[in-house]
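Across the two complexes that follow, subunit A remains constant while its partner is subunit B and subsequently subunit C.
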Partner chain A sequence: MNERTRLFGWILLLVTLAVVPLFLHSARWIDFLEMTLFVAVLGQGWNILAGYGGQYSFGHALFFGTGAYIQALLQVKFGLSPWVAMWFAVSGGALVGAFVGYLSFRYGLRGSYFALITLAFAEAFLVLSRSLKSITEGGQGVQLPLNQDPEQAIATFQFNFAGPFLSEYGFYYTIFIILLLAYGLTAWMERSRFGAQLVAVRENEDAAKALGINAFKVKMGAICLSAGITATCGVYYVQKFLFIEPGIAFGPGKSVEALFAPIIGGLGTVLGPLLGSLFIHGVGEMTKATIGQALGGRPGVDLILFGIILILVLAFLPRGLVGLLEAIWKRLTGGRNA
Partner chain B sequence: MEFLGITLPSYGWPTIAGSAISGVFLGSIYALVALGLTLIYGVLHIINFAHGALLMLAMYAVYFLWSTFGIDPYLAMLIVVPGGFFFGYGLQRFVIGKASHGRDEIILLVTLGVSIVIENAALFFFSATERSVRVPYDLDGIDLGVTWAVYPELAALGGSFLITLALWVFMSRTDTGKAIRAVAKERQGAQLMGINVEHIFAVTFGIGVACVAAAASLLVPTYAVHPQIGSLFVLIAFTVVVLGGMGSFVGALVGGFLIGITEQLGRLYLGESLGVITISVIFILVLLFRPTGLFGAKS
Partner chain C sequence: MLEVCGINKTFGGLKAVTDANLSVSEGKIVSLIGPNGAGKTTLFAVISGFLKSDSGSVIFNGTDITGKPPHWICQQGLVRTFQVVQPFASLTVRENIAVGAHTRIAGRKQALARAADVAKLVDMDGMLEQSAGDLTIAGRKRLELARALATEPKLLLLDEVMAGLNATEIHELLPVIRGIRDSGVTIFLIEHVMQAVMSLSDYTYVLNQGVMIAEGEPKNVTRSPEVIEAYLGHGAAARIAKMAGGNA
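Entry: the complex of A and B
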């Protein structure tokens, strides 16, 4: 697939995502799209570190939760504006990333050991957020005061009572803009010198070092970027739901959600996490509407299916759906343009 | 008493000793869960994320054998241990081995996928309700002076020693055990000697799951069963395995006791909710400063 086709495909996809909600006047479907884009951004955060850098984190909730808690606590406890709090939240997430990265990479933890230490840090933060009640309110979580004044909608970053357009689409276009920024950043990274070095470290760290690449520095860059993007998801989550508690913030749920989309969509590609998220959410909705309904709406059906899809993709599609699409495109164009 | 500027409550020796002893009993449960995990890691170099889910599945099996047929949870071992072996054998041979292409990170993700499928299948079929087995002797026990121990706790403690011993004898005295060690040490060399590596991998995984099934039998009289019970143990089991040294049975036993005692003392001094942070802290410190653990081979 050549550059021009690729660019055309991207523009088509993004324009579709930008206009489709305007034709949907159902809150349920707009919510569905919001969550799809949310997971696509969460997945891109994970993808930068794992897909491009080869460092598989099993505790990305750590960064999501840090971002979410900082965003919530700075508003509730210090009365900061959400627009100011978010800078602290995103850099706080990146800082936690730098801390975990510094320890892990300085002591040479790779592969499974890196996965375990990220998991351990997420667990430690889960325990801390539950027990340090004077700071985090403990297990009951932090609730943001609801703003009902339409005049203050923008200032409070709350669109629930913001007039006809914003209350319906405000959060959709917020996550859409976050997606544009995160994906633009990833696309830029992929073409940059830093991105090339990161991929070199993934492919063979010792060889990369022998070529004079500072592997430690490159991995540090990747984990900070990855953690920052993931913390942005935490900011978005808090503004949308006006609530955060330890389980949602640091529990294994978000860590797992972050890795499904990029693996299924295609590791180490810009498009992968978005494609993966569209696919799993589409499949999830369909199963809930068909099988789930037929079986009396019991929970678990969609996750059973996601788990099976994950294993099948790992077994048969090492390059995910992106790899599959490229193979189909190649077949259609008879190998020209490949 | 002061520690790092925090004023800790002071307790008399009987309280501390009682807490430490209950830590030993808790530790024996951690050791039981960790034994299968350390075997699987030692040979296959797999960090088996599905271990907790498999424990939960085996606990459900024990529960249903009791509730449907009235089989005593300890007797149920005769059924769930062989069952666990065959389930584990099949899982490694036909799912994990096939899907992972032999790459460490992929194996990790495949076992994660397996655990998600098992946990949600349990949620779907059995619902989130907690179920507990009641045996007539589960509240009887002996007085240890500073604390009280019920028979199921004593059985778990005895079981952890017996299973460690059985694994050690199996690995050092039987042909299959020797083949497993050969594969663990030198995969290609073992293959050239005519050992079927795929088969040995699956046998090892099967034994690991059989161990976790035995652990399930010993746990059910004291722990209620629900779909999330496995994830409660899985991180602790990883800590025990890393602390003891990946692949070391004695390490798993000693590591289990150390973690159990630390956790109970942590709860005593730091309170119920913050106390468990000692486990994560030990985990992080061991990973950073001594990833080979207490009894692990130098790498």
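Entry: the complex of A and C
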């Protein structure tokens, strides 16, 4: 697939995502799309560190939760504007990333050891956020005051009581813009020296070092970028749901969501996390609507199916859905543009 | 250009390298030979910063590089290749070489263009878009060489680039290595293939059980009784003489 076809495909996809909600008037379906894009961004954050850098984190909730809590607490406790708080939230997430990265990479932790240390930090933050009641409000979580004044909708970054367009589509286009930024950043990275060096470290760290790459510095850059993007998801989450509590913020749920989409979609590709997220959410909804209904509306059927899909993808599609698409494209064009 | 003074390296109780001294002068091809387990690769790893020596110093172009990290040493112009080739398997040949080129070149396009130029030097210009994981062992050895060259080194440390190649492939690689030297890169190599050592090197060091036992022009070194003993076993020369005496 050459550059031009690829670019055309991207434009087509992004334009579709930009206009599709305008044809949907059911809040449920717009919500569905919002969550799809949300997980696509969350997945891209993880993908930068794991897919491109080969450092498999199992605790990305750490960065998501840090971003979310900073965003919520700065507003509730210090009365900061959400538009100011978000810079602290994103840099706070990146800072926690730098801290965990420094500890792990300084001592050369790789593979499952790195996965375990990220999980351990996420769990530690989960416990801390529950027990430090004077700062985090403990297990009951932090609730943002609801703004009911349409005039203040943009200033408070709350669109529930805004005008007709914003209340319906405000959060969809918020996450869409975040997606554009995160994916643009990833695409830029892929074509830069930093990206090439990051992939070299993933492929073979010793060889990379021998070729003049400061592997520690490159990995630090990757974890900060990855954590920053993930923290942005935390900011979005808090503004949309106006609530955060320890389990949602630092529990394993978000860590798993973050890695599920890129693994199914295709590790180390820009498109992978988005494709994976569309697939997961699409299949999830379909399962709930068909098999779930047939079994009497029992929850959890989609989760069972996800388990099966994950096993199948790992067994037969090591390069994920992106790899599958490329193979199909190659066959359709007879390998001419491959 | 490279001065190695009194390097000692032990792994637990094992003395891998003991008081090793050597020097490599600019524009030459110098080789390091010795039986398996003599400590050659360990010495290379110490010079290139992958291992820290217990004592001794490594001076490169007047700069003390002892104990400095490998990437820094590479940026100074001293680069090594690996005995067990380490390609970036899921990248293409061109992308592999470009990683080396990025050490001096920031732009992606320029680095990829430079990679194509370097590939020509090792006769790989026909395989640019091939995946590195699909290369034959000879191809991987060449790729290892090309990647190192792309970092624009002043001194190239080659760890057994000939190992695992057949006679034809060795024959093809010899002029490539000479060409690299002629382009102004000093070469220091570990080699088991004696044909390569004899025809390439200007000067040879022999390491045995971590101790430097001989040095000199390759022709003279291979005649040295100490060197023969090192390869055939301790006291081999004496036993051979005794057996010859008994049969007479």
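Assorted remarks:
What we mean here is this: the second predicted complex is superposed on the first by the 338 of 338 C-alpha atoms of A that agree within 3 Å, B and C clash if a C-alpha of one lies under 4 Å from a C-alpha of the other, contacts with A are read in each partner's own complex, and residues count from 1 in each chain.
FYI, a contact is a pair of C-beta atoms (placed from the backbone, for glycine too) under 8 Å apart; a residue touches a chain by one contact, two chains touch by 3 or more.
Small disclaimer: the values here were computed from a predicted structure and weren't measured.
In the superposition on chain A, A:286 makes contact with neither subunit B nor subunit C. In the overlay built on the shared chain, the residue A:22 is in contact with neither subunit B nor subunit C.
With both structures placed on the common chain, the touch criterion links A:7 to neither subunit B nor subunit C.
Taking subunit A as the reference, the larger set of touched residues comes from B, when subunit B and subunit C are compared.
Of the two partner chains, neither subunit B nor subunit C is touched by A:327. Chain contact summary for the complex, subunit C toward subunit A: residues 48, 50, 69-72, 74-75, 79-82, 86-91, 95, 98-100, 102-103, 105-108, 111, 147-148, 150-151.
Residue ranges of subunit A in contact with subunit C, taken from their complex: 191-193, 196-197, 199-200, 203-204, 206-215. The touching residues of subunit B, counted against subunit A in their complex, run 45, 47, 49, 95, 98-101, 104-106, 108-110, 112-117, 119-124, 127, 231, 235, 238-239, 242, 271, 273-274, 276-277, 279-281, 283-284, 287-289, 291. Per the touch definition, subunit A reaches subunit B in the complex via residues 54, 56, 58, 103-104, 107, 109, 111-113, 115-117, 119-121, 123-124, 127-128, 130-132, 138, 252, 256, 259, 263, 295, 298-301, 303-304, 306-308, 310-312, 314-315, 318.
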